[in-house]
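Two complexes are shown next, each including chain A; its partner changes from chain B in the first to chain C in the second.
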Partner chain A sequence: QRVSVEVLEHLEHLALVDFRDAEGVERLQKAIQFADQLHEVNTDGVEPMDSVLEDRCLYLREDDVTEGNCTKELLENAREKVEEYFVAPPGNIPLPKLEERETFLQGS
Partner chain B sequence: AALNDGLRSQVSAALKEGRVAPTELCQRCLALIKSTKFLNAYITVAEETALKQAEESEERYKRGQPLSILDGIPIAVKDNFNTAGIETTCASNMLKGYISPYNATVVQKLLDQGAVLLGKTNLDEFAMGSGSTDGVFGPVRNPWSYSKQYKEKSVPKSHSEDEESNWVITGGSSGGSAAAVSSFTCFAALGSDTGGSTRNPAAHCGVVGLKPTYGLISRHGLIPLVNSMDVPGILTRCVDDAAVLLGSLAGHDPKDSTTIQDDFKPFELPNLTDVSKLSIGIPKEYHAPGLSSEILALWSKAADLFKNAGAKVVEVSLPHTPYSIVCYHVLCTAEVASNMARFDGLEYGHRSDVKDSTESMYAATRREGFNDVVRGRILSGNYFLLKQNYEKYFVKAQKVRRLIANDFVKVFRSGVDILLTPTTLSDAAPYTEFIQEDNRTRSAQDDILTQAANMAGLPAISVPTALSERGLPVGLQFIGRSFQEKQLLTVAKWFEKQVQFPVIQLEEVKRHDSDVFQHQKSASFS
Partner chain C sequence: LAPWVPVVGLEIHAQISSNSKLFSGSQVQFAAPPNSLVSFFDASLPGTLPVLNRRCVEAAVMTGLALNCSINKKSLFDRKHYFYADLPAGYQITQQRVPIAVNGSLSYSLCIDNKMSQMVTKTVRIKQIQLEQDSGKSLHDDTRSQTLVDLNRAGVGLMEVVMEPDMCCGEEAAAAVRELQLILQTLGSSQAVMAEGQLRVDANVSVHHPGEPYGVRTEVKNINSIRFLAKAIDYEIQRQIEELENGGTILNETRAFDSKLGCTVPMRDKEGKQDYRFMPEPNLPPLILYDAKSLPANMNHQQVINIDWIHERLPDLPSVKRKKLVEQYGILPEHSFTLLNEDGLGEFFESVVKQTQMKPKKVIGWILKDLLSYLKQHSLTVKESPVSSFLLADLLNLLEKKEISSTAAKQVLAELWKGEGKTPLEIVKEQKLELLQDQKELEQICQAVIDGHENE
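And now, the complex of A and B:
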């Protein structure tokens, strides 16, 4: 079963990363094939494991402010900023559809 | 003091007694880094700040007030740990030029104890890989490629063949750190270990590589790959030094809530003489397909060593071992997909010039910033996390993870104290051969013996054991019970003493053209 172009495109949208070329798509196909081996294992009655430290209580500290006031340091690494704001291009504009984008998937 | 001295026994004593000065030690290391530049072990050399730290250390020694045993000791740190004021790149275009405003907790601890931070070491991009060949600054060369021991054994293929094409990889992804320690440019280095990234290069470079129990050492400031498996790793030239580093780094960190709250007491390793009360387990599944006959023989010899010394040596079974790589593949890519989402160009790192929309800027930034390996894992991870795949792959892998962890619990409960296994399937491959296969295939092959310890969160250490027929290092691995590092390291130290692994004999190195290593740079910050 090969992954459909719809799913590939959906992945590019979710990941905001592109397949780039046939090799990229093949890489995914192989990764899925590899992962399918998991189904050979019988996991009836087995609970999923999130963390090896699941038997312990997570550390919760007191809800006190102990640090902050580092606006200047945090802004230093941003390329585009205005006063104390990070500047982003306009939002709420979805990525263009498959036909309008420059993506390898167009050829599929 | 010689550059190959152990910390505790020799160098620290020499510093304390004034036989060598911290500035002298620092300068010698910096000079050696320059003359071994062709190894490409360092991405950034923090010459100015290191010398300043060394001077401050010298002042403290003069006053008779060293901060700790690490005061004045030159250390290197893998370039996926945040270091304030020093570039942190993760060997990726995404973070080229990124200067962190803070130190990772482990880095801060080292600095607070007076260690001298020489620089940041090279790795596979974002620690994804098992060769230290896939970073944007180029591959790291194994110092043993230039050793007398390797050269004696290599048959020149043709009269004109240069050692240029013969060099072997360090393994990965903490290859730069392993090469740095192996070539004497520092006394210890920090790596990271998610699937074997500290133990694998340690074995290939003939140094000690310790993966601590998950939750013992803080991950705060370690740029995450897989939050549920990552740990900072320790690379040193001997087991005693690893214990020293562990002592200075372990313990609860309020900034990392996955560190356990139990009190940690640093320890000195006893000189074990009687192993008769020890039970060593040999997991049969670690006789994996592809294991070289040479390493199999060494593993067998090691088991006999313990047996002849009076220890109980038993074959055990960890039946789900063959599935650990597949399980890792799914869980790793899933966590990577989530962790890499923070790189969007808005607050730090590379930012694309595309301005049409936030989404297109993010997409372009990530397209420009990540290499194929990283992009591939992000896309795979997102696939496994799709609603229609979540139960089938992600949750399934989490269940298999429990089975793998339970295998270890059962074995340790049956009376076994320590497991003995190989660390790698073979000795280091030549670079030209290694790059014939893609990153994922290589990682799947090379991580097979180290990965399960990360799944279960257990401590594990690779100890250099012997040289292969090609004159290259081979390491063996010990896996211990959770948080029983003292026992693990005690046994490792005993083993290290028995095998007497040879010191690397680095030949007089030729000056290589600087354009071969155009990515290597020296950083000085005012």
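And now, the complex of A and C:
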């Protein structure tokens, strides 16, 4: 079962990954096949595990102020800043649709 | 023409009242220099991890209990993914699968036909309460075509309260939110001040004909006050009805309320249905809460949250406080509503009652009609009142002892309002408002008046 072009385009749009070429898509395909092996196990009546941490204790922190006040350090990473604000484009710039892009996926 | 049934559900985000954020130790404070209350985790720098704030969990448990919810002894954290400049991680940590509290209810009261004397009680079901992170703030600079981002708010703890679509109009929604606000403020779990963004409400609105399936719903955002909430919902209901009656269709979209124009408009940046790719938060184990029965023997106290312990220490909720006021002082239910609706008014009333011989049933009139109308006229809070409970009680005592008339008392109150530091007795003497009690003196005055008329 191959991953469809629609799903690949959807993933590129959602996660902003670029599958780039046939090798990239094949790597994804192999990863899905590897994970699909889980289906061979009968899990009827078994609660799904969603974290290997499930038996660990969730540490609760006291409500004290211990961090912050490092504006200068944080802004050092910013390419653009205005008076201690980070600068971003006016809105999300959506990935152009498949037809409008030069992407390997178009050929598929 | 078949009648329309409007359906209104609410998603309410209440900022948790805590010193530090939900998963980090940076401070929670309104209005601070941009990006000064931001830790490395809040800025999503690599290598940082979330650490859960105990106080935030307690706040959510308190709120769940106050709203008659079942508290989930095991709840989970998830990641909700979407891209936006004020969400540096590219995902929000929330509780999508198993939230901390579910299946509660909230009772609220409405006046029928705007008459306070006819109140009806309604209930709205609470679907769930979940803990989640707040995002940062975006300031749109349209002239330079850019967005300025302040992450001070990023990571602040939120309780999202989801109300089932049991409401049918703006008035019901407003009353429900007002009651929730009072409950949160009484608990102290959130200060719930809408103007400061501590309480944000999104409304889900649809209409349908009785007996038919629910219509397509729209989500209305950007509502900044309870008054606007009612307006926005009522406008949207009307808009949908008109659209459908003209043969149009309703899009499942997000709309923003424009308070200046009093209407809802489609929001930009919200293209169709979002795929949030929910996944379990890999860095947080399940949140386990205990009660008296399940309390573990050998655990550090500080690491244990006991639901029963919190339950025992819940303060009187507004509905209980109102009942007690009615029972203790013999006032009407609608009076108790007004007393609790105004911050500090209930305490003021009780303070006056303690200091005067006048019956509470009479005192309430002075509080709700005279004092409250003065406060409203001058846009003052009870705390800012130039007339203290002591002064008012003093005045009411003079009235009760029949040393002055009711009319004179109102005059004195007007003078007291100026806040010049005079006592009621001083004002009475100054303006010669004393009631004459002396029988003989009264007879002399009456005789003089009669004599005066005889001469004409």
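FYI, the second predicted complex is superposed on the first by the 99 of 108 C-alpha atoms of A that agree within 3 Å, B and C clash if a C-alpha of one lies under 4 Å from a C-alpha of the other, contacts with A are read in each partner's own complex, and residues count from 1 in each chain.
Heads up, the rule we're going with is that a residue touches a chain if its C-beta (ideal position, glycine included) is under 8 Å from a C-beta of that chain, and two chains touch if they have at least 3 such contacts.
For clarity, every value in this text was computed on a predicted model and none was experimentally measured.
Undergrad: Would you sort A:53 into first (chain B), second (chain C), both or neither based on which partner it touches?
TA: A:53: touches chain B and chain C.
Undergrad: Under the stated touch criterion, name the partner, chain B or chain C, that contacts more residues in chain A.
TA: B
Undergrad: One more residue to check, A:83. First (chain B), second (chain C), both or neither?
TA: So A:83 only meets chain C here.
Undergrad: Touch test for A:65: chain B only (first), chain C only (second), both, or neither?
TA: second
Undergrad: In the overlaid three-chain picture, which partner chain does A:14 touch, first (chain B) or second (chain C), both, or neither?
TA: Both: A:14 reaches chain B and chain C.
Undergrad: Applying the document's definition of touch, where does A:91 land relative to chain B and chain C: first, second, both, or neither?
TA: In the superposed model, A:91 contacts both chain B and chain C.
Undergrad: According to the stated criteria, A:32 is in contact with first (chain B), second (chain C), both, or neither; which is it?
TA: Only chain B is touched by A:32; chain C is not.
Undergrad: Where on chain A do the contacts from chain B and from chain C line up?
TA: Chain A residues touching both partners: 10, 14-16, 50-51, 53, 56, 58-61, 70, 74, 77, 86, 88-91, 94.
Undergrad: Could you please specify the touching residues of chain B with respect to chain A in the complex?
TA: Residues in contact with chain A: 98-99, 101, 214-215, 228, 252, 254, 257-261, 320, 323, 326-327, 329-330, 333, 337, 344-349, 351, 354-363, 366-367, 370, 372, 375-376, 378-380, 382-384, 386, 392-393, 395-403, 405, 438, 440, 444, 456-457, 482.
Undergrad: Going by the contact rule set out above, which residues of chain C touch chain A in the complex?
TA: Within the complex, chain C contacts chain A at residues 18-20, 24-27, 33-41, 43, 45, 51-57, 76, 81, 83-85, 138-142, 145-151, 268-269, 271, 275, 277, 280, 282-288, 302-303, 305.
Undergrad: Can you name the residues of chain A that touch chain C in the complex?
TA: By the definition above, chain A touches chain C via 10, 14-16, 50-51, 53-71, 74-75, 77, 82-92, 94.
Undergrad: In their shared complex, at which residues does chain A touch chain B?
TA: Chain A residues touching chain B: 3, 7, 10-12, 14-20, 23-24, 27-28, 30-32, 34-35, 37-41, 43, 46-53, 56, 58-61, 70, 73-74, 76-80, 86, 88-91, 93-96.
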